[in-house]
Each structure stands twice: as C-alpha cells, then as structure tokens.
Amino acid sequence: MKYQAIIDEIHAEVQYLFGRGNVADYIPALAGVDARKLGIAVHTLDGECVEAGDSRERFSIQSISKVFNLALAMRIVGDEVFGRVGVEPSGNPFNSLVQLEQEKGIPRNPFINAGALVIADILLDHLDRPNEEMLAFVGKLRCDDVRYDESVVESEKACGFVNKALGNFMKAHGNITHDVEAVLDAYYHQCAIEMSCVGLATSFLFLANGGVVPGTGMRVLTASQAKRVNAIMLTCGFYDEAGSFAYHVGLPGKSGVGGGIVAVIPGLLAIAVWSPELNRYGNSVLGIKVLELFTTRTGKSVF
Amino acid sequence: MKYQAIIDEIHAEVQYLFGRGNVADYIPALAGVDARKLGIAVHTLDGECVEAGDSRERFSIQSISKVFNLALAMRIVGDEVFGRVGVEPSGNPFNSLVQLEQEKGIPRNPFINAGALVIADILLDHLDRPNEEMLAFVGKLRCDDVRYDESVVESEKACGFVNKALGNFMKAHGNITHDVEAVLDAYYHQCAIEMSCVGLATSFLFLANGGVVPGTGMRVLTASQAKRVNAIMLTCGFYDEAGSFAYHVGLPGKSGVGGGIVAVIPGLLAIAVWSPELNRYGNSVLGIKVLELFTTRTGKSVF
Amino acid sequence: MKYQAIIDEIHAEVQYLFGRGNVADYIPALAGVDARKLGIAVHTLDGECVEAGDSRERFSIQSISKVFNLALAMRIVGDEVFGRVGVEPSGNPFNSLVQLEQEKGIPRNPFINAGALVIADILLDHLDRPNEEMLAFVGKLRCDDVRYDESVVESEKACGFVNKALGNFMKAHGNITHDVEAVLDAYYHQCAIEMSCVGLATSFLFLANGGVVPGTGMRVLTASQAKRVNAIMLTCGFYDEAGSFAYHVGLPGKSGVGGGIVAVIPGLLAIAVWSPELNRYGNSVLGIKVLELFTTRTGKSVF
Amino acid sequence: MKYQAIIDEIHAEVQYLFGRGNVADYIPALAGVDARKLGIAVHTLDGECVEAGDSRERFSIQSISKVFNLALAMRIVGDEVFGRVGVEPSGNPFNSLVQLEQEKGIPRNPFINAGALVIADILLDHLDRPNEEMLAFVGKLRCDDVRYDESVVESEKACGFVNKALGNFMKAHGNITHDVEAVLDAYYHQCAIEMSCVGLATSFLFLANGGVVPGTGMRVLTASQAKRVNAIMLTCGFYDEAGSFAYHVGLPGKSGVGGGIVAVIPGLLAIAVWSPELNRYGNSVLGIKVLELFTTRTGKSVF
C-alpha cells in the first residue's frame, strides 16, 4: 500500500493551504459548499484503490465532465469532432468571446466553454435522450455513484448569460446546429454531474489504459484516441493555467470550478482530488498542491 | 429653388456608381429590395422641401432608428443614459463582442448594436407599450408616413444570433435589466421602421433646430442635448467609417444597412438619401457620394 | 471686447479644478512644470486677440504639433498622405500596438503616435533639413514665438522605447521607409516645440479660415483640405476621449500631454488653453472645462 | 538496431510530402536552402545512435536554440527566470505584440520571441562573453559540431524590425534591462547556431535523462528542472501549433523555422529531424510527419 502512505501524508501536509482560495460563488448551489473539504483517491491499473479524507463525498464535477463528453463524442464520430473545434490552448479565459470572434466561431479546444457547447451540439445529433445517455456513459466507466444535481442545472440556467452569448454567437457562425436552449440544457446537465473522488479516479482509468476500461475490458476509445484526449488535457485542461500545471505537476488532467481535479499517469493510475477553494484561475488550491506533491514524491510524471 | 437644381444634378451624376456595392442580404426582407433605387430629400428649416428620385418610397431605416431611440431615451432620462453607454467611437465593427468584453459590458456608444440594446432596455423601463410609443414618437417629429415592417422583425429575430449574444453578454454584466427577448423585440421593431427620404429628412429637422420640431414648436430635446446627439452622430454614426464620413462629408449623420443615410446641417437643413447598395462598411455607396457632392457644391459642412 | 469678459470669467471660474489631475511625468522636462498654470488665448478672424492668465508663457505643445506636421505633409503631397495612414478614430490608447498589428502597420489616423511617425517619414522624403523646416512652417503661420526645447528632445529619446517599438514595427510592415532613428529624431523635435497660448491660437487660425493665413493671405491648404484637417481633429484629436470632447465641447481641436489644447470655430476664431494637469486620458483637466464653458457661454459649436 | 529500420522506413515514406510547404524566406540566408533536404537522427540513452538522410548536414537551428538558452538561464538563476517570463501557451503567433501589450511586457513563455529576448537579457547579466559562452554551453552537451553562421546573424539584424519592436516595447515596461541592441545581438547569434540532426539529438539527451549529460555525467539541470523544460516544450514548443503537436505526436519538443525539430522521450531517447519546407505555422512539414510516424510505429509517447 505504498500510495496509501503518500496520500495520507500529503492529505495532512496541505491543510495549511485552507483559506488561500475562494469557493466558486457564481451560483448558489456551489457557493453553499463547505470550503474545508479535501478528498483524495488513487486508482491504479492493477486494482489498488487508496483514498483519504472526503473521498466518497459527491461534489459537482463541473468542467471535468467535458472530458466525458469529448470521449463520448469521439467514440461516436471519431476525429470529425476536430473539424468543429480545435486542439490548441486558448491563452484566454475559459469563457472568452474575443478569440471566438477572431476565429469565426471555431472554439480553440473542447475544454473551454464554447468548445464544450460544440461537443454537446454534436452529441445532440446522435443521442435520443442526451441527458440519460451521458449519465449512462459515465456508468459504463464503472462509476455507479453518479447523478445530476438538478438544483445546479437550474442555477446555471438562471444565470448563464455568458454561455447563452457563446452559444448564440457560434450559432451565428453556423457552428451550433441545434436550438441553443437544447444545447445549453445538455451542457448544464453535464456540468451538474455529481461524483466522488473515488468515482472520478475509477472512471478516468480508461485514459490511463489505452482507452479500455479495466475490469470490464470495454474499449471506449482506440489507444490513439486515448492518447489524444490525454494530450488535450495536458495542453488545455486547466483553463489559463495549463502551462503552469504541466510545469508543476506534469500530468494530463482536468479541473472543474467545483474544486475537483482528476489526472492520469498513462499505464499506471488515475488520481482525483477535491477541495472547493479555487485560485484566481479557477483551479483548486489544495488540489493542485496535492498533485504537485504526489508527482514529486512518487517521481512520476509524463516528463 | 437652389437646392432643387443641385439635388437633380447630383441625382443624375451618381448613377454611374450603381453596381459598385452590394444589397444587404443577411435577411430575406432586405435582400429582395431593388438595388437600383435612389431617393434624395432635403428639408430646410425655413420650410423648403426638395426631392429627387425614389424619395417617397418607404424603405427599412434600420440603424437610423437608433437616433430616434437615443433621442427618446435622453428626453425621458436625460444624461443618465451615458452612465450605461459611452460616447466614444468604437474602432471596431458594429456588432463586435471584443470591445464589449474588454470594457465589461458597457458599449462604446449608442449607435453600435450593443449600445442600441442598452437604449432599448432603458426605454422598457419607461414605456408601457414600447413598440407603439416608439412609432408615436417618430410621428410627433411630423413624419406620419411611418410603420413597422413585421416581416423584417420576424427575419431579424430568426437570424439574430449575434444580437442575442450581445444582449446575453451584457445581461451577464448587469447592463441589460429586462428579459433579453423583450429587449430584442423592441430593438428589432425599431430596426424594422419603414420611412421614406421625405419622412426622414422631416423627422430629423429638430436636430438642425436646437431640439425643437419646426412648425409644431415641440421641444424634443434641449439645445445642448440636440448638439450632443449631433456630436455622437458625427463621431459614431457610420460604423467603422465615421472618420471617413467626417473627412469626406463633414456632417453629423446616421446610416442604416437598408441603404438610408440622413444628415443635418445645424441651423439650416436635414437631408436624407436612400440607395440600397452598400460598401464594405455597410454604408450606402451612392448615399455617401450624394452627401459628399452636396456639401462640396453647397459649400456647407460643419467644418 | 465681448470675448475678453467671457475669458476672464471662465479663467476665474475653473480654478477650483486645480488638483484634480496629474502633470505628465514620463519625462523629467515635463514633470518639472508648475501644475498651477492656466493660460487662455482667443484669436478671431477679424483680428481680435484676447487672453487671460499665463497666455504668453511657452510650454511644450507635444501632440498638438501633429496638426502642423499633418498640414505640412498635406501641403506637400496632398491626399497621398492617406494611403499610408487612416482617418478613423482608433478606439485604443494613443500608443497602442494592438490595432497596428491587426491592421498590418497602417495607423488608424495621423494623431496617434504611429500615425505621426508615418507623417514624419513622409516629411523626410521632401525636407532637406526637416527640423529647421518644420519650425519655419510654424513661423509662416504668423507665430514667431516658437522654438525647440532640446532637453525635451533628449528626454524623449532616452525613454521613448514604445515609440521605437512602433517605428520598428511599421518598418517591418514597410510603412516606415527611412531609418527609424531619423524618423524618431524628427518626431521628437516636433513634440518638443514650445509655444504660448497666444502663439497657438494665432497659428491655428488658418484652419478656421479655409486654409488661408489671415493677414498674410498665404494659402497653406485648400479649403477642402482645411475642412478635412478639422474633421480629423474632431474625430481623432483627443486620444481615446475624442467622442467625449465632441459631446461636451463640439469643436475640432487637438490636445497635448504638455497640457495644451487648441480648438477652432470654422469661420470665426481659434482658441488655445494651457494647464498642465491631465485627466486619465492625457487631456488637460482645466483646458477641457475652459473650452466646454466657452462653447456653452458663447453658444458656438459646430453642432 | 530496431530504430534503424523504423527510421529508414519513415525516411522513405514521407518523401511524398515534399512540395507541400514553403522554405522560410524572410532572410536570404534561409531562403537559399535546398528544400529537398531530409535528415533524421535518434540518439538513445543507452548509446545507440541511428540516422538517415541528411543527418550530418548542418542547418540553422533558429528557435530550437531557445531551449539551450532557457536551460542555460535556469542553470544560472534557477526559477527566478519565471518572474520575468511565463510558462503558458500564448494562443498567438510567435512574434505577436498584442498579448505582450495586454500583459504589460511579460512574455507568455520563453519560446516566443519576446520570451527569448528576456532570457537573453538575463544571460547578459551573467555572461562576460555571451556569444562565446552560449556556444560553449552547447559544446558541453557533447555536440562539438556547432558554430554560428554570421551571415544569418547579419541577415536577421538587417530585417529584424519586429524583434526590435518587441525588445523596445519590453524595455518600456522594464522587462529588458540591457541595451536593446546588445540583447538582439545575443538573440540573433543564438538563432544563427548551425547544427546537424546528429548534433541536435545528442545535445538534447540531457532532457531525456533527468538533466544529466549521458557519458560525461555533467548535471546541467536538476531532475525537476529538466522535467519542467520538457513541460514547457510540450505546451509551448511549436508556436501556435503546440496543441496539435501534442495531439498528433505527444512528445516534448521544439521546432525552428530552419526546418529542424527535436523531441525527447523521457528516460529513453532524443530524436532530431530536419526538412526545410514549413507549414503555415512555421513548423517543418516532413519533420512533424516523421515524428508522428515514429511515435505511432514505436508506440512511444508521453501519453
């Protein structure tokens, strides 16, 4: 149980960082979360699963869900996805309209909001009941502890004017084909997925395993596609802090404003952390530190 | 009848420019207009009214209506208007989101789309039946030949995704207080006003007359406010071609993508031109030439 | 002496504004100026010349000189000037590189720094001893009280890295043909011209007089060119505050970071004000107020 | 000799791509290069060195040298480097001024031109004879086949107006402390380094080896620093195509407009390719394909 000791040690060590960030407060459902939560879970390809702290408490995974939807879209239409969304870091805030205007409605990558809306639009072409099927997809990744928080969906809808602006702007450029409201409904459901650290670490294992879900053997993506999702996570997974995360942590990963971060070490493991206080880039303060210490202590990074 | 001769001469002289521009085609209702129309009307403060060509045919005045709504809003709330919208030229296309993002939802001026949406939002605070009252306001300017083209309203709504994006983006910044759909409804009605050159020249006379409607003596704006509307027309009235219009024509004025342009010579007259072919900035090719020749031949400009 | 009474009244009235702005401090030569200076001079076409306060003290006219150089360039090469520089307001700070990059090295107008460098480059094509000839040109406008402050030239050179950046960037785009250092030398000399309010009001009279210097009858520009210079001053003469100046004052004019402002009422007069404290846009706080009161009290504006 | 077979196969296979790109022509010294060159070299940590084609011909490594200088600066001042330059992808062209203006003279990362100028400025603080010492540093990486092409230095200087603009702009913001000309001299020498594929693969091995030069055992960087350089290469090493390179190739690497690309597989090997025809992002067309095939055939990528 070598990871257990490391995880426990790190869990204790990063407590001093509480108070250094701010809980997301743009919707009431997130603002009400206890700031002092910290959960960690590691799930290895050879079946080890270690955890610490609030690792079984569900939280709003928010943007982490963009990885699930990208995988689902790639599974259905393959590389066609990248005709409508790029794979380049944006160099701009996650909800910026500037670059979208300059680049005529083609989002830089699938992990900024505009890109996730395009992915949702693609899914609407192929899914009869998108919200049910998105959730079912996560279930197939061996995470059954997953559900929508409808209060988050409603909150997001009530104040999601920038996303509505993004959607309408891309529709003006022909890069949203469905009704903007329908796309937003799918997008907000996706954002409102609740999972625990344990669930997240488990469900991301296929990306550490060449696209195959360990245990069930279900192939979600080809090995090449899995690598590519990892590449996009590494270059674009942390808003405007992706370079810094690569620099300090050196793993492909994805964060959400709910305070969750999940990362993978290809061929080895997936690790999920949750702590709600965010830095100014929207990434979990303790979460990033946990991952930095984890790669330092284990000597594992992709570099 | 000195202006009659000048107008007739110019009407004949600019015909060679037909074919140099393109009729606005972003909505079917505009695309169907006969490109070869040219109407001119001059209405002086001392009551002379001369006209040439298609001067009594109604056309979609589009953005010219932004002047009416600005005047109406200033009449109701005075300079308060400029707490929510600036008076600076934008240096960007009329429907750009970039500057709006950089300047946190405060549009540069009331004549870009975002600014006109804010003006509409202000009017919704004070008008019980905004669409009826906006039309009635134009009527009080002694133009009774005015109506909405509901097919234009419907067309604009059906494809107005960029405006919807602008409205939602400003709502995210708190600079739209009403429901975005309600604001857009007022805005699209305003854009869909149909008037003739004669009607336009008449209804703009108050801006050449210190804010007072000639004939009825109704004070629409204070003298100072009328000057300020003229100042904003001169610096911001022609999309990203305002400087060029000031340079070549030298009059405060406003254009619309329906091919109309109206301008005033303070203390003297108002002139309206209509010709549907637009240059790349969205301004009427023949319209600008007519005005340039008019100021050159008469020696009248504000400079 | 009607203007004398108005000027005296305004001179007294605006004193309360001292302390509301900041003296330009980017070069030592400007930072050392007494903040409490206020000079006003009005020179009418019929020969009246009234003044108040520090109206005969020379100050660094800085960007006001851009009008002289534009006039000189138009006098030599005519409208050709506008093949290399636009006439549109920039909507950006006066020394911005952003727009210049987007527009491939063509400055928006001749009154932003980049535009003035292009004008200087044009002058270098035609003047054998540019610095002497620029000064001689101002002399021909009946201002003999003019000279360079070489300490300002040296200061500007020593810290003019942004201007050097602008010059090199335009040279990369082929819009500067001479050596960048030579262009900057001419530009910094131009900026370092010292004049008094009386001198400025006198030397701008040709722009109120259809291009002809009153008294000598020398034609500097055609009537059309003079109008166009006025148009550019109105739309672009006050950095990113041009619209506001048009709105509040309503006259073509030009300001400089030395605290000077000069404006013209076509057909009537030129007025110059100097007070070193600047607002955040780089325009004289008291200067703008003096002009606003002057147009309000006299009822004169172009609108 | 498994890599030999793969390299030979790929060398033959990519020939069909000749003619799909353009040789850099902004300076004569590069424009004159034979477009049909293709060299490949792989150097493994266990000493294997395989090569194909023009692998021993020296070419201008251009921006690849930015990795050497970053390593040298980190070796001297450590993480202090990142107080003056970021580690985020820029999302903009390599020589853009826009972002630099928005971010007040702090370049996004050390691999865009502005960032490399800051690195050169740092080196000038610590190196007595910078040009000699930069070359000596590469020599210590066990590449003795290295020299400056002075004709490239002269060409770059003669037309390097954008770099001069960048340098002056950062000096205006205080992020260049030395004379801009001195910084540019060091920068242009660095860009003008000539090496072969064999030399490049060898000299990059320390980045695959935790910061230690294989063979000599010289520690260039700490293991953590070596990982970080790799991270920056992965997120920022290919101009505005870094995400795509991560997506298609999945290795940390760096390209230059001379047509060279070098990449490392941590713990395993370094690979260098040279072919002068560039795609629209400034990266070698054949070079990228060679690397994509190499990672596909060997199954090696960091993801």
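The chains carry the letters A, B, C and D, assigned in the order they are written, with residues numbered from 1 in each.
As a working rule, contacts are C-beta pairs under 8 Å (C-beta built on N, C-alpha and C of every residue); 3 or more make two chains touch, one makes a residue touch a chain.
All values derive from a computational prediction rather than experimental measurement.
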Type of subunit A:subunit D copy interface by residue overlap (half), same or different: same
Taking each chain's C-alpha mean as its centre, the one farthest from subunit C: A
Which of B-C and C-D has more C-beta pairs touching across its chains: B-C
Averaged-CA centre spacing for the pair subunit D and subunit B, given as whole angstrom: 55
Averaged-CA centre spacing for the pair subunit C and subunit B, given as whole angstrom: 32
Distance between the centres, which are taken as Cα means, of subunit D and subunit C, whole angstrom: 47
Subunit A residues counted as touching two or more neighbouring chains: none
Subunit C-facing residues of subunit D, complex: 96-98, 100-102, 159, 161-162, 164-169, 171-172, 180
Residues of subunit C defined as touching subunit B within the complex: 86-92, 99, 108-109, 224, 226-228, 230-232, 234-236, 240-244, 246-247, 250, 252, 266, 296, 301-303
